[in-house]
Structure formats: C-alpha cells, structure tokens
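Below: one structure, written as structure tokens.
As written, the chain order gives the labels A, B, C and D, with residue 1 at the start of each chain.
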Amino acid sequence: MANPKKILNDPKKVVPEMIEGLVAANDGRLYKLDNLPALIRTDIPDGKVALLIGGGSGHEPLFHGFVGKNMGDGAACGQVFAAPSPDVIYEAAKAVNRGKGVLFLYGNYAGDNMNFDMATEMLEDDGIDVRTVRVTDDVAAAPPERTHDRRGIAGDIYMIKIAGGASAELDSLYEVERVARKAIANIRSMGVAVAAGSIPETGKLTFELAEDEIEIGMGAHGEAGIARQKMKPADAVADELMEKILTDLPFRKGDEVALLINNLGATTMMEMLIVNRRIRQILEREGIKVHRTDIGTWLTVQEMAGFSVTLMKLDDELKHYLDMPAESLGYSRM
Amino acid sequence: MANPKKILNDPKKVVPEMIEGLVAANDGRLYKLDNLPALIRTDIPDGKVALLIGGGSGHEPLFHGFVGKNMGDGAACGQVFAAPSPDVIYEAAKAVNRGKGVLFLYGNYAGDNMNFDMATEMLEDDGIDVRTVRVTDDVAAAPPERTHDRRGIAGDIYMIKIAGGASAELDSLYEVERVARKAIANIRSMGVAVAAGSIPETGKLTFELAEDEIEIGMGAHGEAGIARQKMKPADAVADELMEKILTDLPFRKGDEVALLINNLGATTMMEMLIVNRRIRQILEREGIKVHRTDIGTWLTVQEMAGFSVTLMKLDDELKHYLDMPAESLGYSRM
Amino acid sequence: MTETLNAGSSRAMLEAVSRFVIERTDMLTDADLAIGDGDHGIGMRRGFEAALSALETQSVDTPESAFKVVGTAILSNTGGAAGAVFGTLFRAGSKAFAGKDAIDGDGFAAFLESGLEAVIKRGGVTEGQKTMIDAIGPAARAARGNVGKGLSAVVASAAEASLSGVEATRDMIATTGKARSLGERSLGHPDPGAISISLILKAMQEFTATA
Amino acid sequence: MTETLNAGSSRAMLEAVSRFVIERTDMLTDADLAIGDGDHGIGMRRGFEAALSALETQSVDTPESAFKVVGTAILSNTGGAAGAVFGTLFRAGSKAFAGKDAIDGDGFAAFLESGLEAVIKRGGVTEGQKTMIDAIGPAARAARGNVGKGLSAVVASAAEASLSGVEATRDMIATTGKARSLGERSLGHPDPGAISISLILKAMQEFTATA
C-alpha cells in the first residue's frame, strides 16, 4: 500500500502551517496566541460566559474551525490526533475569560481529559471558574450504563452549536453548563468506515480494511468499532446504525430531533444523501419528527472514508439554541 | 485497480435516491416537482426575479444543495455528470417564475448550454422572460481571449451567492443579469487533482494518475488540465495556481477580493488550510486585500482528491451581495 | 431486403437500433473515458431504454411519429451533450418524413440531412471538430449519392461512410465538448458520439438488409 | 558504574534517555498503530526533542530541576495521553529528589514510586488496565526491593522488571485510552506507553552501568 497522496509541505510542520492558514481564513475574526497553538475570537463581548473548545488536530474543521459568533470563543489545538497540552489550554482559557468563567467542551478521550484537567487545576489556582462538559455521543464505544466511557464524535458539532448559543445568551457559567449537559444527555451518534486515514507525519494508515470490508462503529482516530462486516447496501448500513442509535437513548414516537450526517473525510455527499433518504424513512416509521438536518463535512479523520449519524432529541430550549444564527469557518447558519 | 468503495444501493438509482434524501434534508424548505428531478423553494416571494440553477449530478452539494434563501430558487438536476434535459429545465423554470422572469445560471459545458437553450426557446414560446449567465471561471480551460470557451468550476458558488443576493433585492431580470455578468467577469479559478473520481453506474475511474503525479488545471468531470507533473510541495502548487489566476484577470495591487478554496472531494481541510497560508502570503506580497475567505467542500467530483482556488475581485456592489445572509444545505452564512 | 419502411417497420427498426446500442454500453463508456467523462455509454443506454418503452406505450402511426417518439425519449432521458444532439437528430430528422406513409432511400437521405443541419445549429459546431456530426456528415452525403439504389443500399452506404467518419475523428483535435481541454492529447482516439452514430446506422443497415 | 547522579550527570543521563527514545520513534509508532491511533512514536519524539533543547538552554542545578525540566518539556510538547502521563511521571517524580544534591538507589526508587502515584491519580487507572503504569509498577517495586544494592543495580532491576511489565500487558485487555474499544482484540499486543517506560529505563540502565 503506497503512502497516502497529500499536498503538504514539511509533514512535521502540518499543525503550525495549518493554524497559520486557519487564522488567515478567518479574516480578522480571530487571532492566535503568541507562540501557542490557541485561537481566540477577536470580538468576545465583555461579561460573556466563555466557551473554550479544543482537541487534537487532523479533524478539520473540528475544533479550531468552529470558533466564531455563537460558536466557540476560543480553541486549544493539539498535534494531529493528540490532545493539546495544559499550558495551551490554560493560556487559551485566560484569553477567552471575561470574568464569568470558562466552560470547557471537548471529546471524551483519556488524553484530552488529563490535559484539560491539569489546566483546570492551574486556572482554579488563579481563581478562575472552570466547568467541564465532555462529549460522549458514540454509542459504539461503551454500553448505555457506561456513557461516561464513550468517545466524542460528530456530536461535537451540535454540542458546540448549543453551548455556543447558550453561552452567548445566558449569564452564568452554571446555566451554560446545565444546557450543555442537557444537550449531551440527548445526543447519540454512530459511524461507519470504509477506508482508513493516516497521520501526515508517519504517512501510515491507522488501520487496514479489505477491499470488501466496512467497520461499523469506527472511532474518530481509527479506534476499533463494534463489527467488521462485508460491504452492504446503503439502506442496510443506515438500518444498522439507526437501530443502535434509536434504541440507545431511546428515541421514541413523538420525539422531535435534529439529524446530522458527518463525512469522515473522503465519502461523497451523494452517499450521505442516499443514506439520509433511508434514515428519514426509518424516522417516519418510528413517528419521530426531524426539526433540522445538517449533512456535511465537519469532523474528519484525514482521508478516512465513511460517515457518522447523529441524533439530538430536542426540547424548546435546545431548539432555541440550535436555531440561533452562527458563523464560523466550518459551520454557519443564517 | 479495484472498484471505488462506496456505500450505495442500486448504482443505477443514485440520482433519484439522492434527490429523495436531498429533499428530506431541506426539512420543508423545498419540494420536488412530480416525476421530474427538479427542486423548488417552498417560499419564493411573489414578484421576485427567479434564479434557476442546475447541471449534472455527482457534484454534491453543487447545484441542488444551493437552493434556499438568497441562493437559488430552484435547481434542475441531471444524471451524474450529464446536464438536465430541456423538459426538466422548462418545468423548473415555470415553477420558480413569479412573473418577473428567470435567470438561468449554470456552468459552461456543451451539454448544459444546449439543454438550457432548448428550454429557453420553449419558455420564450410561452412568453416567459429568460436570461442566461454561464459560469466560465476556469482559467485552465482556454486562453484569456476565449473566456467564453472556459468551463465553470468552483466559481459557481460565488456566482450563486451573488446572483442569489441580487435576485432577492433587485426588481428586474436585466438588473440581476447585469450583476451576475459583472461577477463572472471578475471571477477566476483553477484546480489541481491528485486522484480520480468515478461514476457510480460504471464504477470506473474517469482518469488515471500515477502514485507520484498530479494534474494542474483538472476539470470538474476529470477533463484534462494543462500539465501533468510530479508531486510537489503545497507551496509550489499554490504558487503555480496563483500565478495563473492572478495574471489572468489580472488582479492588481489595491484590489479587494473574496477567496474560495474548494475541496474536489477527498482532500483534507488541513491541506487546504496549508495552501491558504501560502495563498495569503502571495496576496499580501501583491498588495491584494482579502475581504472574505471560504474554505470547504462545495463542488465535488465524486471521490476525486484535489482542490481549486477561486478569486473574485470585489466592488461595493458585489461585496454587498456576497455579504448577505444565506441559507441552503450546502452553503450558509449568518 | 427492405426498400420502404412504413410506420410498423420504422418502429421495428428503431427497436432494433435501441437494443443494438444498449448492448454496446461498455464500449461507449470506454470511448468516453478515453477523451471525455465516461458517461456516454450509460447516457445512450438511458436514452434508448426510454425510447424502447416509449415505442411500446405510445401510438406510432407514421414513420415521422416513430422517429419523433425516439428523439423525444432520448432528449428527455439521456441528458448531457448526447441527449441534446441525439434527441435533436431524431426529432428534427423526423420532419423529413412529414406527410409520408413510408421511408424510401430519398427520405432516409433527407432524414440525415435535416438531422445534421439541426444538430449543427444546436451545437454550434462544424465538421472537423471531433463530434458526432463528423459521422453524420459523411453518412448523409453517401446516402444522397446512392439515393437511386433503393433504401437498403442507401442505409448501407451511410453506415459505411459513418465508419470512415469515426476513423477520421481519430485525427481530429477536439474543440468542443469535454474532450476539448485535451488538445493534442485527443488525437488517436475516436469520438464517442461519432461511434454512437455508426452503431445506430449499422443497426439500421442490418435491419433493412434482412427484414 | 554510576552509583550517584548529581545535577550534571542527571542531565547527561536524561539527554541519553531522550536520544534513546527518539531513535525508537518508528517502533513506538508501530506499537500504537496496532492498538491505538499511531501517534505515540511521534509524540514521544516531540516530547524528548523538547526535553533535549530544554536541558540545553535551561539552568539545571539539581537533579530535581533536571527531571522537572524534562517533565515540563514533555508535558508541553507531547500532547495526548502520553504528554500528560509521561510529563506527570517526570514532574511529580522529580519531587522525590527535593533538597537532594544527588540521586542514589533509594532516591531512584522514590522517583518511580512518587511518579507512579501521581500518574495513577492523573489517569484514574490501576495496574492491569494495559497502560504505562503496568511497566512503572513492577519497576518501582523491583527498585525498592534492590535499594540496598546501589543505584546501578536498582536501575537495572527496574529496567528488567519493566520489560516483564511490557510482556504482561500483552495479556491485558485495555480498559482506558484509545485501545479500549478493541476489547479482546487488544490481546497479544503490548501497550505502547509501557514500551516507552521500558525504553526510558533501559537507557538509564545503560547510562548508570557505563558512565
């Protein structure tokens, strides 16, 4: 298997070069901290509860492409597939803080948890309020009684949207945390991969799949899923993902949901739309109403091919924050 | 070379299934004409100049994902890489028309030109005003003295954004046409491919590139570019694309531009951000100011890997329409 | 040997043509992969499958209506450049049979001539640009030159001339359609649309020779 | 044989450790590709490259500061799980040398013990979950058991024990980190972080045995 074909300069410098390009792409809407891979909105209002997001790089536009109005106030960026270090998180948190404290929002991985926790301890020493909500939406990662062990995947996007809206409107860190916790309690996702991605610096694919194989439940860094299967039709893939997702929360007749289908990298939107067709048939059959659909490329795993499906059960409060306008390089709505 | 690995049902039914999924994904914001692959906004205001976009499928979200508020009012969809037929265009035009006439906006390809022209003749027989603007942004496709021979590539996105805004605000078809013509006169693009895409129904890659080769100037259906080269660093690729684009209009010191980098399918956003870094260095050196940057996945060529760069020179009028809010499945801004 | 085609035999011939082209989908795909986007085979298949079912379900009481039904089916179902030009060929060409109960050699030559004229107008091309008209042009001229010899000979001469037309496209540089950007790299490859014309005429030749 | 390490030799040893680990980047990459996300090698390289340049540029006047400088460099530059746990090992472990001019066998055992304790607290894991502490735990216990034999023997015993620890991780099912989702499929593969511990101790053993 030949090395993945990528248009890069020095593979060791992908993260700093990417961040330089990312800052430029925001046309003045954010800036980078000196000497640290952290991005901060230029226009955080005074007295706003701050929302700091972050995680490993290589999943662009997640996380650092989601800094903007009614989205994250800042992002702490790690190396490819590696959580940011405590000092990056610490400085980013101080830069976004407007006196009302900082909500940390990130995917639930051992590396992120430890590094964000270390930063939290440093910030608490400085008297800054920090609360943490970890995204744990991947139903493939652990059984329902151990949701705290689940990975964060494309649920990140709705979590940032909801927490971004809540932190723009609500006046207290604890209220924003409450809304974010409500959101994550109502979000479930699962993915499928048909081809692997690679880390630019090693040039090696992170797993191997045969020409006729798919992996159901694949994680966002190539972590093993729950089943390796033969290729099957889109409808059958959708059926399997939806069965797992629906029964997990569970989503019930009469529920209203937001639906997000995320491209892991190299899958065509045509495939995702065909999958959406089946998902809507299933939801209609189950009597579940879709309030809003998002289909696109938000949490990628380098050149991995595959997608994930995310459902968020809505109440009026979540719907309100979901429907707020937002603007960032990676996700905007009117 | 094994068949591309895709999650599909019947490859002969990709277009109707995709359209079903697309209509569902718009959550009531558009509907499909009976028995015809055409999508129409449900909320076209009375007395609005209508904007009809369209073209072959397989480039999702282009075109049919760009129907929405301040974007296209309707889309006529063809089969994969094949222009829609005159009857689809004709019925779609009648459905979007609100008495003020219809602007046709599509990429400049022999098939699209002939089919849209046939529909135009049918509509004119019915007394409906139709004007046509073809997107001809690909500088790789013909020399500057033959811009009318150029293909339409990612310039489509800015064209739809500008014409969508203009058709929402301006009261006459001819005024909307004027703005769209001004836009296309100021847009230049060029792409590069590192891997080929395939048509689902044939399962065959549309071209072949060696492991260490790239093609500069590749077209949006795999049409030949201007040079096949050895892989080279991102900065060198950016230099070559920018040289061709900048000297073509030409863009000059003091100009203000919008910059769009479009993923042809399987390229990572990390690569595009690294390319953006270099592009901004070049623009800074040339004294050209960037008003707005868009980096994402809008005009795809199935699983093709590569990207294109688009520059649009702005004046106050174009800037106004570019900056208007817009909402569609494939492109939104606040 | 068939020397005139009434409504019924026109329909039968067009059904034979449709099946003949459909069976050669892969060959047309490969021709279009070489210099285009690889969809010409499936496009022609879509068009002629629609033609077959239209011929089955619609009333066809003249040669003109048989050809028009095929042209309309192609136009609505093929899409792309091929839908426009092959649809136009059959639709505009059918007018040559207006008011006639049967097609003879002269009628067939007129079909190719009026089809050619309409395609040229629609596509804005002239012969030599490496398109399907580089097969129709020679076919139309051969048909006219052999008009005195009866329908089957006219069709045979057209089919043969179209094949030379296809061969000639190998030496042409495309200046329209998706192959245009290849420039000199389009040399050596025949034009997919021209091949389709030769297949259509070949099937007509077989039909008129044997039926 | 080195039986005590002052500030200067601590620094020299940690430089040797850094180079030793950096040279084994690919091996760590492959170990992490088998059960993780494939970045452990480049992560450790980033961390120890930063450690090398920190040792060069920062003032290191006690063993404690030498180890702390290394830990801080790893913590800030490695990222991921490894940055946190290896950074913590060196930073928290360095406290065992507080107020001391030199490291002896007892000091070294205390370093491993306090490092282990801090990593356990930080990572929320216990031994047996297939992590780097499954190499530190046995190493710390072996070091303590051999304290009477002098520094080089203590380090050697720790290095040896860590290797058995690495071997033991093959039979463990990961319940934390990226390998967790593999479940039983993680069996047979050693833990990458545990391998890194064994490399670090091996380099220390070589240094104390020869320097």
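In this text, contacts are C-beta pairs under 8 Å (C-beta built on N, C-alpha and C of every residue); 3 or more make two chains touch, one makes a residue touch a chain.
Small disclaimer: the values here were computed from a predicted structure and weren't measured.
Touching subunit C and subunit D at once is no chain at all. Shared contact partners of subunit B and subunit C: not a single chain qualifies. If you average the Cα atoms of subunit A and of subunit B, the two centres end up 28 Å apart.
Centroids built from CA atoms put subunit D at 54 Å from subunit B. Annotation: 32 Å between the Cα-based centres of subunit A and subunit D. Arrangement of the chains shown, judged by which pairs touch: a linear chain-to-chain path with two open ends.
In this structure, the chains touch in the following pairs: A-B, A-D, B-C.
Residues 29, 33, 36-39, 41-43, 46, 75-85, 87, 122-123, 176-183, 185 of subunit C are the ones that touch subunit B when the two sit in their complex.
Within the complex formed with subunit A, the subunit B residues making contact are 2, 5-9, 14, 17-22, 24-27, 57-58, 60-61, 65, 69, 192, 194-195, 200, 211, 214, 231, 233-235, 237, 263, 265-278, 280, 290-293, 295-297, 300, 302-303, 305-307, 325-327, 329-330, 332-334.
Within the complex, the subunit B residues that touch subunit C are 56, 78-88, 109-111, 114-115, 117-118, 140-141, 149, 151, 199, 201-202, 204, 206-207, 217, 219, 221-225.
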